[in-house]
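Chains: A, B, C and D, in written order; residue numbering restarts at 1 for each.
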Amino acid sequence: MAVDTMTASPALVDETAPVRYAKAGGVLAALGLLLLVIAFAVIGGGDTTTISFDRTLTDVEWPLPTTACVAVFGAIAVAAGAWMLIGLPKRRFKLVSGIAVAAFVLGLLFWAYSQPGTVFRAESILAGALFLSLPYLFGALSGVICERSGVINIGIEGQFLMGAFTGVLVANITGNVYAGMAGAMIAGLLSTMLLALLATKYQVNQVVVGVILNLLALGFTSFMYDQLKKSEGLNSAFTVPTLSWGPLADIPVIGPVLFQQKIFVYIGLALVFVVWFLLYRTRWGLRTRAVGEHPAAADSMGVNVNRLRYWNVTLAGLISGFGGAWFTIANSLAFSKNMTAGLGFVALAVMIVGRWNPLGVLAGALIFGFTTQVARDLDAAGGALVPGEFLQMLPYAVTLVVVAGLIGKAKAPAADGVPYNPGDK
Amino acid sequence: MRLELKGLTKKFGSFTADDDIDLVVEPGQIHAILGENGAGKSTLMNMLYGILTPTSGEILIDEEPVSFNGPGEAIAAGIGMVHQHFKLVGPFSVADNVQLGREHATAGVLSAKAARKAVLDVSEEYGLKLDPDAICEDLPVGVQQRVEIVKALSGPKTQLLILDEPTAVLTPAEITELLQIMRNLAAAGTSILFISHKLKEVQAVADTITVIRRGKVVAELEPTASEAEMASAMVGRAVTLQVDKSPAVPGEARLEVQDLTVVSDAGVKVLDGLDLTVHSGEIVGLAGVEGNGQTELARSILGLIKPDSGTIAIDGKDVHGTSPAARIHDGLGYIPEDRGRDGVISEFSVAENLVLNQYRNAPFSRRGAVNAGAVRKQAVDSIAEFDIRTQSPDESVSSLSGGNAQKVIIAREFSRPRRFLVAAQPTRGVDVGATEFIHSRLVAERDTGTGVLLISSELDEIYALADRIAVIYNGRIVGEVAPDTPREVIGRLMVGADIAAADGTAPAADADERDAGESSIDARIEDADDEAANDEEANGGDR
Amino acid sequence: MSTDTQAPAADQPDADETPEPKPSFMRIFGRYLTEANSVMVTIYSLLLAFFIGGILLIVSDEYVRSTYTYFFARPQDALSASWYLVRDSYIALFEGAILNLNTLDRFAAGTAEFGDLLRPLSETLTYATPLIFTGLAVGLAFRAGLFNIGAQGQMIFGMLGALIVGFALDLPPVLHLPLAVIAGAVAGAAFGAVPGVLKATTGAHEVISSIMLNNIAALFLVWAIGTDFLHSETKTDLITKPVDESAVMPKLLSGLGESLRVNWALIVGIAAAVFTWWLLSRSTFGFRIRAVGFNEHASATAGMRIGSTYTTTMAVAGGLAGLAGAALSLGVGSSGITTNTALEYGFDGITVALLGRANPGGIVAAALLFGALKAGALSAQPDVPVDISTLLQAIIVLFIAAPALVKAILHLRTPRGGLVTLEAKGW
Amino acid sequence: ACGQAPSENGGDDNADASFLACMVTDSGGVDDKSFNESSWAGMEAAAEENDDIKVQVKESSSETDYDPNLQATVDDGCNFVVGVGGLMTENVNTVATANPDIPFATVDGFSEVPNVYSIQFDTAQSAFLAGYVAASQTKTGKVATWGGVNIPPVTIFMDGFAEGIAKHNEDKGTNVELLGWDEAAQDGTFINTFEDAAAGKSTSDTFITQGADILFPVAGPAGIGALTAAAENDAVSAIWVDTDGFESTEYGAEIITSAEKGLATAVKDSVLAAYDAANGGDAISGAYVGTLANDGVSIAPFHDFDSAVSDETKAELDALTQQIIDGTLVVESPSSPKAQ
C-alpha cells in the first residue's frame, strides 16, 4: 500500500473488494423469482403490453409480448440479487440495487398494463409523476435544510397548509398569482420561524413543537377559511400557465415531461441542485452540516450554532411554504380545510428515504410521484387486478419495501433534534 | 502570550466548579494543571476559550483584561484548544474539520484545494502527518487527536495552546511525539496549558504545575516533584502508585478463543483468525494500538457481535448462539471501553445502573416486577463498598463525575458472582485515586480465581496488572509474552513486527527495561521514538 | 490530610438559601405562584391559551369587530361587546363540557332530571376515552425512544378486530364483550408490531413505516367496510354491520338516563393507564423499555435485547391503540363503523401523550382536558366556531411544551429544579 | 365562522324569531359543496323567506357526533330538526321517539317514525339526462366519471349517468364509452375522499389522457379538481352534481350542465311546512322523494353551453323527461330510494 503514512484506516476499506449483501440480495432475488413465476404461471401467453408516446408520437403504439418482457425483468432482478449474494464491489451496490428495483417495478408495470384496455401512456404518466412528486420534493427539501442543521421539522404539514392558504389569499387580494406564491413562501417562513425560535431560544423539544405547529396551522387555516367565506372573492382559485418550450416540447418523452410543465416543476428541480450545491460546496453548507452533526464542534470553532439554526430553519420555511402553494396554485384550486391530506408527513418519509440528501430526496419524491400516478392511471383505466384501495396503497407499500428492504437504517445527522445549549450564556 | 487569571470563579447554579482561581502562564511556558476528576480543570479551560462565561474574576492576556463572547473571539485572540472530548464532525473530512469556522472560500464557495493545502502545510510544519481527505470518524482515535491538534494550530497564529487531556487515547509512541511537539512549540514562544492524569508526562514536559482540588488551587509544584507528591496533592491524601500483587496461580481455561474471524459491515476482516486463552486466576493484558480489533473481540466475547467463524468458549462451554444476557448470567463480567455509551444509562439512577444487567434476577425482580427495596439495598451496599461519591442512590448517573460513573460499572460487575471478566480500558480518564482503587480491585478479583482479560491501550496499566501480555495487531494475536518483556519488544509487536524480529532487539531492550524500571521518563521517550517510526508504518500498513 | 468521602457538591454553600431565614406560608405560596414550576406552567398555559382564544373569538365575530371601527369614539362599546362575547363563548364551552347552567336551573325547578345534569360530563368522558388509549399508545413508545406516529392505523385495526368478533361470534355477554375487546387489542398489537419488527430486523425507521402503515390502514378500512363480510346488510351507506348486543360496552350511567353515553370503555381506559403505569415504573419490562429508550447501547451491553424490546413495545403500544378502536366499535360506534368513526384520535394521541409528558397519569389528565374541549366545542356550536377547540388545544400544548416561553411572557421565576420540559426523542 | 353563520345571518337577522329550525350535518361539515351545504342553503332560504324563522346548524365530524348534536338541538329548544344523511336516520328516529312533540326530518334517509319527515331524491333520473347530454356532446367518444367514496348517494348518480349514455348509444347509434364506472359490477374509480381536490385533479387528468373530454365528478368539494382539469384543457368540459355548478362554483365556463338534486328547495319547503304546522297548520309527516315529476331533481340550464347543445338534443331531453315522468321510461339504480 501507499507509503503516505497517516492515511491510516480508510485504507482498510477496499472499495473494489467484493462484499456480500445477504439481506438485500435475498430480497431482490426473491422479487425477481416472483416476477418469473408471474411471467410464466399467471400471465397468458398471448397477452401484450401496449406502450404509447401519447403526446408526441400520437399515432404510434408498441404492443410488446408481456410474458417475455416480464421474464426478462425478472431475470435481471434475479441476477442482481445473485450478484449481491455472491458479493459485489461496495461502490456498485447502489447502482445494482437501483437497476434491480427498477426491473422489478417495470416487470409489475408490464404485467399491470397487460390487462385489456390499458395502455401505458408513457409521456402523460411520466409528466404527471413529476408533477405529483413536487409536494414531496418541496417538503423534503425544507426538511433536509432543517435537519441538516440539527432541527427536526415535523411541522411540514402545517407549513404546507399555511402556504396553501396564504398563497390563495394573497393572490386574491393582489390579483397576482406570483404575489400569491411569494405570500405562500412568507407564510411558510413565518411558521418555521416559530419553530426556529422555540427550538433554539427556548430549547423546546423539536418534535413536540412540530406536532403542535401542525395542529396550530390546521386550526388556524380552518378557522380563517370560515372567516374568508364571509367575504366574496378571497378564496378563488388562481392558475399558473403551463410553460411550453417551443420545439423542445415535441421531443418524445423528454419534451412532455421536461419542457411542458408549470413553473413549479422547474423551481423544484432547480432547488434540488441549488440546495445540494449550497450544502456541499459552500461555507454556509459546511457550517450547516457541522451544526447538525456536532454543534459543540462548530461552536468551539466560533460558529454561532443557534443563530445558524435559527436562520436555516426560518429560510427552509420558504421552501415548504412554496410547497404549500402547489396544493392550491399549481393545481388551480381554492383552499379547503385540511387539503394537504397528510402529504407533509409523507414528505418527511421522502426526506429519510432520500437520506437527508437533496439528490436522494429527488429520487424518493419521484418514486412517490410515479407510483401515485401509476396507481391513479390503473384505477382510472378500470379492470384493475386489485381493488382501487389497494392500488392507492401502492406508494406507501413501495416506500415500506424500499425503506425496509434496501435502505435499512438511514443515519440522521447526529445532532438532529438535540437542542444546543452552549454553556450558560 | 502571557496569560493571567485573577480570582476566576465559575458557578453552575449553587455548585461552584471553579473557586477564585489565580494562575499565570508565561510566554513559552508549559503549564500543567493537575486535579482529580471533576476538580474543575475543563471548566477553567472552557472559560479561557470563551465556551463558558466566568461568574466572576478576570482573564488578562498580556496584561489586558479580555472577555470572550464565544470561542470565535478566543480563536481570534490567538488561543487554540484541544478539547478533552473530541470536537470533530465525524462524517467530515480532515480538511473540512480543520477549516470549519475559518473556511477557505471565495464568495462563500469553498475551495477544497486550499483547504487541503492548509492542512498539509500545518502537518508539514509540525510533523503531524495527516491525510486531508480522510473521513474523521473512520480514523483511529490517535489520528483523530492529531486532527484536533492540527485544528488548534491552524488558523490565526496560536499563541496559547490549551491541551485538555490530549494523551488519554494516544499510544506511547504518539505521546512521545506529542510531547516533543509541545516542546518545540514552547521553544518557539507558544504558551501551553496542559492537562493530564498521567504524572510521568507532566514530569517530562511541564515547566510548572498547578494542582486544583474541588475548584481551588491547592498547590504549585515544580516538575521535579515526585509522582507521589503530585498524587497526594491532587487527592489530598497519600496514594500508593504501585499495585501490590502476588504471582498469579493460573487454573483451568476460562476463555478460549479459537480462530475467531469477524468481518465488518464494510467487508473488512477486523478479527482475522484470532486465538487467545485466559485461565482462571490470571490477568492477561491485551496490548495493541487501538483499532486493531480489541473492540470487536470484547464485543464478540459478550455476544454483541456474531463472529463469522471461529469459536468462543467461556468457562469451558461453547457460547455459540447464546445471548449476551445468558453469558452475563453465567458469570461473564464486562467493563466496556466506552463508559458513556455502553456502560451506564446516564438518565438512570445510580441504583438502577447498579442492577442494569441483573434486574431480572432474584432478588431484584419478583414475578415480573422490579423489587425496589432489594435494588436500593444493593445500591447502598455498593456505594459504601466501592466508595461511589453520590448524594444518594437515586441521583442520576449523569450528575456523577467520570471516575464515579466508572466505579458504578465496576461495582455492578464486581458485586455478583463471575467466572470471567473482560475489562476494557477500565481506568480511561479516571484520576489517580480511582485508578488505584480499580487496579487493586482487579487484582483482588484475579486472586479469587476469576480469569481477567484486560484490554488497555496504556502500556503502564498493562505492565502494572498483567500476568501475561498478548499483543493484538490487525485482528490477530501477534505475540504472547511474559510481563517482564521490555517495552520495546511489545512496542514492535504492536506495530506489526513478527515475534522473532521483535525478539531480535531483545538485548538492546534489556537496557531500556532497566531504565523504565527507574521511571526515567526521558529514557522512555527515547525508546518510544523508535516506536514512532514503526508506528507510522503501522498506520499506513495494509491491515 | 484527611480522607473526605463526601461528594464534592455536598459541601458547597447553597447560595440561594442563605438570606430568608423563616419565610411565611404566604411568602412561599406567593413565590410558588410566580415560579415557572410545572403546575403553575400548566395553569398559566391554560390561561394564556384562553386569552389568545378570546382574541380570536373577538376577531372572528363580525359584530364585535364592527364595534372596533369606532373604538376611539366609544371604546366602551367595543370593550363590553368583546367581554360579553368571550365570556359567553367560554361559558358555552364550559356548559358543553362540564355543567350546563340552564339544565341546572331546570333541575332546580324540577323539570330536569339528575341524569341531564351529568350529560356534559358524560360527553367529556366519552370523547376522552379513546384519547386515553391512544395517548398511552404514543406515550409508552416514547419511553422506549420510539415515536409511534402510527396509533391511528393501529386503532383502525383494533376497531376492525373488535367489530368482527363483535358481530361474527355468537357468545354470552360475559365472554363476548371481553373477547371482542381482546380481539381489538390483538389486532392493534399485530399491526403495531410491524414497525417494531421492521426496525428490529432491517433498521427501517418507525416514523416512516408507521406513517405508511397509517395510510395503508385508512385505505384498508375503506375497502374492508365495502366487503360483503363487513358491510351492513340493511344500509347502503358505507357502514358496517352492528356488533351484537352481547358485545356492546354497557353504559356506565344508564340508570340515570339513556343519553349518558359514557360506557365501560372508560373503565378499561383507566385500567389500561394503571397497567401502563405499573408496566413502566414497576415491572422489569418497563425497566427494559426505559433503559433502551435512554441508551440502547448500554442496554444491549447489559444483555437486553434491543430488537425484541422495540417489537414488544410497539406491540403493546399497538394493543393500547387497538383498545381505542375497540372502545369505538363496541361503544359509541356499536351500531356500525364508518370511515369517519376513528376521527383523528390516533393523531390526537400524540398531542395527548406530549401534554401528559408520557406519564400515564398525565395522559389521563390530558385526555380529559382534550375530551372536555371536544365535547364543549361540539355543544357550543354554532355560537363558538368548532375550530376554536383545535386552536386552543394547540396553543395549550405549545405553552406547556415551552415553559421558557411562559416564563418569559409572564416574567416568572425559575424554579429550583429548573424548567421541566416535555421529553420525546427525535429520529 | 361561516358554518356558524346563523348567529350572524339567520340568527341576527331574525333575532326575535319565534321558530328555531336546526340542522345537524353529516361528517364533512356544512361547507362540503354537497348535501350538507345544499341543505343549509335551504334552511337559510327559509329564514330569508319568513322573518319569524331562525336557523342554526351543528356540524358532526363522524357518526359518533350525531347523538350529542341531535340532543343539543333538543336542549336548545329547536322547533324543527333536520338531520342530513341517511346514516343519521336511526339516530334521528331515536331522538324523535324520545321527543314526540318536536318534528324532525331526515335527508337522504327513510324513516317510519311518525314525527320524522323523510326527504329523499331519485337522482338517477337527473343523472340519466346528464349522461344523455354528455353522450351527445363528446367529441372523443369517451366520457368519464369518478366518485368520492363508493356509497349509494354517489353511485346513484353514476348509475343514472351510465344509463343515459347507454340510452344515447342505443337511440342514436353512437358508441360513447364511459370510463370510471362499471354499472353491472357497481365498481369504478373512487378517490376515497371528498376533500382532496388535488387527488381529484390528478384523477381527472388521468382520464383526460385516456381520451375523455367530459368529466362527471361525484365527489363533493374534491370534484372541483375535475373542474380545474377541465379549465386547463380547452377541449375538456364537465358536468356537475347536486347544485347548478354554474352558480355554485367559479368554473361556470367549463360546466355543460348539472345533475341537480333539489335538496335546498325540499329542505326549505319542509322548514316552512313545519313552521306552518307549529302555527296551526297540518303537521308535516310522511316521505318526500324528489323526482323529475315533482321537480325534486332536474338538470340545470346549459348557460354558456346553450348554443353548443343542439336543439335536437334539447328536444330529445324534453321527450325523455316526459317519458320518465309518465313512467314509460324507468331509470333504475340499486341505490334508488326504497321508501314507502
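In this text, a residue touches a chain if its C-beta (ideal position, glycine included) is under 8 Å from a C-beta of that chain, and two chains touch if they have at least 3 such contacts.
Each chain and its UniProt protein: A, C = ABC transporter permease; B = ABC transporter ATP-binding protein.
Small disclaimer: the values here were computed from a predicted structure and weren't measured.
Set side by side, the interfaces A-D and A-B show unequal numbers of C-beta pairs in contact, with more at A-B. In this assembly, the chain whose C-alpha centre lies farthest from chain C is B.
In terms of their C-alpha centroids, the spacing between chain A and chain D amounts to 38 Å.
Averaged C-alpha coordinates put the centre of chain A at 44 Å from the centre of chain B. Chain A and chain C have centres, each the mean of its CA atoms, that are 32 Å apart. Each chain gets a centre from the mean of its Cα atoms; for chain B and chain D, those two points are 77 Å apart. Residue positions 223, 226-227, 230, 387, 389, 392 of chain A are each in touch with at least two other chains. Shared interface positions of chain B, defined as residues touching 2 or more other chains, are absent.
The multi-chain contact residues of chain C, meaning those touching 2 or more other chains, are 60, 62, 219, 222, 385, 387. Which chains touch which is summed up as A-B, A-C, A-D, B-C, C-D.
Partner chain C is touched in their complex by these residues of chain A: 23, 147, 152, 198, 201-209, 211-213, 215-216, 218-220, 222-223, 226-227, 230, 342, 345-346, 348-349, 352-353, 387, 389-390, 392-393, 396-397, 399-400, 403-405, 407-410, 412, 416-418.
By the touch rule above, chain C contacts chain A in their complex via residues 56, 60, 62, 147, 149, 198, 201-205, 207-209, 211-216, 219-220, 222-223, 350-351, 354, 385, 387-388, 390-391, 393-395, 397-398, 401-402, 404-405, 408, 421-427.
Across the complex, chain D meets chain C through its residues 1, 3-8, 11-12, 27, 56-59, 61-65, 67-69, 71-72, 75, 85-87, 90, 98, 149-153, 192, 334-335.
Every residue of chain D that touches chain A in the complex is listed here, in rising order: 1-5, 8, 29, 31, 144, 146, 179-180, 182, 187-193, 195-199, 201-203, 205-207, 209-210, 221, 224-225, 228, 231-232, 250.
On chain B, the positions that touch chain A within their shared complex are 12, 46, 49, 51-53, 69-73, 75-76, 81, 83, 85-92, 96-97, 99-103, 105, 108-110, 123, 129-131, 134-135, 138-140, 143, 146, 151, 266-268, 291, 536-537, 539-543.
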